[in-house]
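Two complexes come next, and they have one chain in common, chain A, joined by chain B in the first and chain C in the second.
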Partner chain A sequence: MIRNLQRSLPGVPWVAPAVLLLLTLTIYPLIYSVKVSLTGPAGFSLAHYARLVQDRFFLQALTQTLLYTAVALSIEFVLGFALALLIDSLAHGRGFFRAGLLAPMLLPPVVVAVIWRLIYNPQFGVLNGMLRGFGVNTSALTWTSGEGSALASVILVDVWEWTPFLFLLLSAGLQALPQEPLEAARLDGASAWQMFRDIVLPMLKPVIVLAILLRAMDLLRIFDQIFILTQGGPGFATETVSLYIYRTAFRFFNFGYAAAMSFLGLALTVAFARSLMKVMRVAR
Partner chain B sequence: MRACWCVVAMMVLAGCGNEPPALTIAINAGVEGDALKAAAAEWGARNRTRVDIVELPYANLFEKELLDLTSRTGAYDIIMMDDPWFPRMAENGQLAPLEKQPDADFLTSCLDVCREPYSTGAFYALPYVGNSQLFFYRKDLFDKHGMAAPATWSEVLAAGKKIGAAEKMFGYVMRAAPGNAVITDFMPLFWAFGAEMFDSSGRASVASPEAIECVRFMLELGKYSPPGYTGFNADEVSGHLLQSTAVMSINWPAWIAAMDDPARSKVVGKIAFTQVPSAGRKGVAELGAWLLAIPAGSKNKARAADFLFWATTPEQMKEAALRGNPPTRRSVFLDPELRARFRAFPAQLASLETARPRPRTPLWNEIENAFGIRISQANAGSISPQEALQRANQEIEAIVQRAK
Partner chain C sequence: MRAAVKYALALVALAVAVAPVYWLVTISIKHDIDQFAVPPLWFRFQPTARHYVEIFGDGNLARSLWNSTFVASVSTMLAMLLGVPAAYGLERLRWPQDWSRKIGFWILSTRMLPPIVTIVPLFLMLRGIGLLNSRLGLILIYTTFNLPFVVWMMQGFFHEVPRELEEAAMMDGDSRMGALVRVVLPVTKPGLAATAVFCLIVAWNEFLFALILTQTSASTTLPVAIASRVTQYEIKWGAMSAAGVVAMVPVLVFAGMAQRYLVRGLSLGGVKG
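Take a look at the complex of A and B:
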C-alpha cells in the first residue's frame, strides 16, 4: 500500500487543483446547504422539512411539476420517436429534415419563451390573429392567461422546443442498430410492425431509457420558460417546484426552506432515475 | 529573461491604470437608473475619479443588493432600491444611517419611506425617483360622451360600460398577473373601499367585508377588461392604451412619455392624467419611489454620502427630471420650465403628496406573493372573492406568525 502511495505521489500536484475546485465549488456548497436546511432559529431543526408536508403552495407546485413532466415527456417521446422512425425510413433528404427539426432546440429557452409570449397574446398575438382570420371567435382563447389553459399552453411550448432532443437521441440510436437482424427478419417474412416490436424496440431500449431519463430530469427542474410565460400564474396554475424554490430563496430570502425543498426535489429525481433503471434491467 | 521583465513591467503599468473605483453604484436597468447613471458620470468627471455602475434588471436587483447587505461584502457603495424593499434592507443595521438630515423641500410621503421605523425613525436613504400611480383616461372620449373625469370607482365602471360599448373598446384595462403586478393595481382599489391589510393589533385583516366588496367590484370591472388580463403586466396594460383599444387604467408615470410619443402611440395628446378614484374612502395612489442608500459594509461611506446628497440637490433632480425621472422635491415639480414641458406634473405632484406606501414590513415580498396568488385566482374565476380573501388572510397570518 505504501508502495502504491509512493507511486501515485508524483501525480498529486496535477490532480490537486481539480480536486480543490470540486471541493470548493461543489462539495462544500452541498454540505453547507444540507446544514442550512437543517438549521432553525434555535439551532438544529427539522422544521423546514416538517413544513414541506403542510405547505399547500409547495404541494400544489409539486403536483403540477409532476403533471407537467408526465404530459410533456409522453408527448415529446411519442412525437420524437415517430419523427425519428419517419426520417430514418426516408431514402433521400435525411440530413435536410434532421437539421430543420433541430432548429427549435438550438434557440435559448428564454428567447423561445419570449417569442411564445408574443404569439400567445390574446389581443395582438399571431395565434389568435390567425384563428380570427379563419373566422374563429377568439374572445375566450386566452392561452397562458386562462386558469384552464395555462398549463397546457406552457407544455405546448416545451413540446415545440424539446421534441427535437428526443428525436435526435432516438434517431442516433436507430442509425446505430445493426442491420443483420432486420435483414434476417425481412427474409423470414416479418411484417414492419413485427420488426419494430420484436427487434427495433428491444434493441433500442437502452437509448430510450437514456433519452427519457435525461429529458425527465430536465423537465422536473423546469424554470425559465414558465418564469417568462406566466410567472407561475394565473393564480398558482403553472407554478413549479423550481419557481417556488427561486421565490423562497431570492424573493423571500428563506434559504433554509428553499434548501429543504431542493433536497426533496433531488430525492424524487434520484428515486425516479433508479426506478427507471430498474425497469430497464427487469425488461432485459 | 529581458522579455520576462518587459511583461512584468507592462503588467505593473497596466495595474496602475486600473485603480479601484471611488464609488460603485448598483442601479436598476431602466429609465430610473439611466438618469442616475448620467449623474454618476458627471460627478466622476467633476471629481476626477472613477465611478463604476452595476446595472441590473429589476428582477435581480433585489437579490444582488440584499446578498451584499446581509454578507456585508461592501461590493456596492450606493444602492438604488424600490421603496417596498426598504424595511427588509434596513433591518439588522444593514444600511448606514445618514449623518445629515434631508431638507424640507422633499415631499413628506417620499421621505417617510426612507426612515426606520417608518416616518419616525432615523434616515437611511434619500428619495431619488418620485413614482406614484396616476389614473390614465381618454379625455377625448370622455368629452365626446359628455362625461367628466371619473372621481369614483362607480363612475369608472359606468364610463367603462358606456364608452367601451359605444367606441367598441375595452372600458378598462387591469394589470393582474400574479404577485407584484396584481397587488400593485389592486391596492388603490382595496384602500378606496376602506379595507386594510392589518388591523390595529397587527393581525392580517384582508378578509373584511370591505375587502370582499372590493374584490367583487374588481371582478365586475374585469368584465370590461381585455381577455387574458389575468396575465397582464405593465407593458400589456400600456400596450392597450397606446393602441387605443382601452379607455382607462391605473398606470405609472414612466409610461406618460410613451403616451405622447407619435412613434409608439395612437393616442398622442388624448390621454389625461388624474388622481386614483375614490369609493367609501378617498382614493390614494400607491407609492413606488426609488431610494438611494449606503450599505453598512461600504468602504467609501463619506464619499458615497457626498454623492447621495449631490445627486438629490434641486439642480441635479431637475436634470434627472429632464432625463425622464419624476422628482421627489416640491420645488422641482413647481419649476416653470418643467411644468411647461411635462403636462402631467400637476397631477403627479397631487398624487405623490397623498400617495400611500405598501405596508412597511420586511416580510412584504412573501405577503405580496401569497396575497397576489389568491387575488389572481379570484380574477381568473377559480375561487370566489370570499374564499380567496379568507385563504389569503390565513396565509398572511401564517407568514407573520412564522417570522415571530
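Take a look at the complex of A and C:
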C-alpha cells in the first residue's frame, strides 16, 4: 500500500515534513486557541466573546488601531508612490537612491524604536534640540510622551519606517511596465498627467492592490515599535489591539479573553482583505 | 532645470531616510557630554569607542548577541532543510489535479496569520513541554515562521530551471534527490542564498515571540535585551545606541548581499516577522 501511494503521489514524502511542522505549530495552536477562547470557569462558555462587546478599552484599542492603519497607510501610499515616480524619472543614480531609501524598513524594529527615542525625547532628543537651536520654545513639545501628540508621533515613525516598502513595490511595478503604450501616447501628444492617469495607473493596479493589502495586514497587527516607544501610553493614547491582547494574556494572564480578542482581530483582517480585493476588482 | 529640482527632491528624501540612522551612529560614538548639545552636533565631535567597550564587557548583552546569532542561523538552516525539498516536490513531482497549487497556497496562508493569534497557545504549549526560556523553543517557532516563505521563494526559483537539466542527470542514473542536489541546487545557488539571507533577517529582527517566550537573560535575544534597556528608567544613551548599531549592521550587510532579490523577498514579508 505504501508502495502504491509512493507511485501515485510521488511528491508526498518531499512535502510531508514541512506540512507536518506547520500543522503542529500553526494549525494545532489555532484550534487550541479556539478551545481556550470558548472555555469559561465551568466548561463551555461564550462569556469571553460577550465581554468583547462591552469592553470599552478593547473598543478604544480597536478604534485606535483602525485610525492608525488608515492614516499611516494613506500617507505611506501617497509618499511611496510619489517617491517611486520621482526616482523612476531620474536619469542617473537610481540604484543609489533606491538602496538608501530602503534602509529604514530593513532595520530591526527595536533599532527603529531606539532611534526615535533619541529623536523624540523632550529634554535630550535631537528634534527638540534642533528646534531650540532655531530659538523655538520646546517646553510644550513632548511628542511621544504627550497625551495629545503620542498617536501622531508613533504614526510618523511608521511612515518613516514603512514608506520604503510601498516605494519598493511600486517602483518595481513601474520598472516592469511595458514601454510601448507610453511611447505611443507620447507620440499622440498626451500630457504627463494623462499618461499617468490613463496608462500607468490602470496597468499598475495589481501591484497597487498587493502593496496596500500587504501593508494593511501588517499595520493592523502593529506591536513592536509602539511597545518600545510608548507601551501603549501615555494613559491609553497609543494602545492598539495587539498590545491590548499582549497585556491581557501576559500581564493579567487571562488567556481565554486574549484568544477571543485575537479571533475578532483575525476576522477583521480577513474581512478587510476580502473587501479590498472586491472593491479593486469592481473598480476595474 | 527641472532635472535639478528632481535631484534636489530625491536628495531631501534620502536625507530624511538616512539621517536618523546616522544620528544613532553618532550617539554611539559620542562622549556623554556631546550627546545632547544644543544645537545638536552632527559632524564635529570627538569620537570614542567606550560605549562599545562597555556593552561587550556586559555579559548579558554579549550573551544575547550570541543567542540571536545561534537562533537565527539554526532556524534558517532548519527552514531551508524542510522547505527546499517541499518546494521542489510541489514544483516538479506529479500531483493529482491542482493539488500542488492548493498545498502551496495553504502553506503560504499560514504565513498570513497574525502572530498575536498563535502566540497564546504556543506559549502554553511550550510551557507544557518545558521549552519556555529556551533557545530551542524559539528556533522551532522561527523555523515555522520562515518555512512558508522558503517554500514560496524556492518554488519560484525551481520553476525557472529547465526540466531537461535534471532529466539528463536522471538518465545518467541519478535518483531524484541526487539530481536535485547535484544539478538543480547548484544552478539555483543565488536564489538559495537570497532565501537564506531573508530568513536570517526575519529571525534576527523578530521581537514579539522572543519577548514572550524568552524572559531570562540566559535565553533572550538581542532585540529583547535592547528593548529592556530602553524601557528602564535611567537610560544609558550611548550604550543603548551602540547596542542598536550592533543589531543593525548584520541586517544591512545581509540585505546588501541579497540586493537583486529584494523585491521578491520583501514583498511577502521577508523582513517582518
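In this text, the second predicted complex is superposed on the first by the 270 of 284 C-alpha atoms of A that agree within 3 Å, B and C clash if a C-alpha of one lies under 4 Å from a C-alpha of the other, contacts with A are read in each partner's own complex, and residues count from 1 in each chain.
Just so we're on the same page, a residue touches a chain if its C-beta (ideal position, glycine included) is under 8 Å from a C-beta of that chain, and two chains touch if they have at least 3 such contacts.
None of these values were measured; they are calculated from a predicted model.
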item	value
First (chain B), second (chain C), both or neither touched by A:P17	second
Chain B versus chain C as contact partner of A:Q231, first or second or both or neither	both
Chain B versus chain C as contact partner of A:P109, first or second or both or neither	second
Which superposed partner A:A70 touches (first chain B, second chain C, both, neither)	neither
Partner chain(s) touched by A:F250 [first = chain B, second = chain C, both, neither]	both
Touched partner set for A:F124, first chain B, second chain C, both or neither	both
Partner chain in contact with A:E147 - chain B first, chain C second, else both or neither	first
Chain A: partner with more touched residues, chain B or chain C	C
Contacts of A:F57 with chain B and chain C, given as first, second, both or neither	first
Where chain A meets both chain C and chain B, residue numbers	123-124, 231, 250
Residue ranges of chain A in contact with chain B within the complex	57, 121-124, 138-147, 150, 230-237, 247, 250-254
Residues on chain A engaged by chain C in the complex (per definition of touch)	8-15, 17-19, 21-22, 25-30, 32-33, 36, 83, 86-87, 89-91, 93, 97, 99-111, 113-119, 123-124, 126, 129-130, 132-133, 160, 164-165, 168-169, 172, 210-211, 214, 217-218, 220-221, 223-224, 227-228, 231, 241-242, 245-246, 249-250, 255, 258-259, 262-263, 265-266, 269
Touch list for chain C against partner chain A, complex	3, 6-7, 9-10, 13-14, 16-18, 20-21, 23-24, 27, 35-40, 82-83, 85-86, 88-90, 93-96, 100, 103, 107, 110, 112-125, 140-141, 143-144, 147-148, 151, 201, 204-205, 207-208, 211-212, 222-224, 226-227, 230-231, 235, 237, 240-241, 243-244, 247-248, 251-252, 255-256, 259, 262-263, 266-269, 271-272
Footprint of chain A on chain B - complex, ascending	62-63, 66, 70, 88, 176-179, 226-232, 236, 239-240, 243, 245, 363, 365-366, 369-370, 373-374, 376-377, 379-383
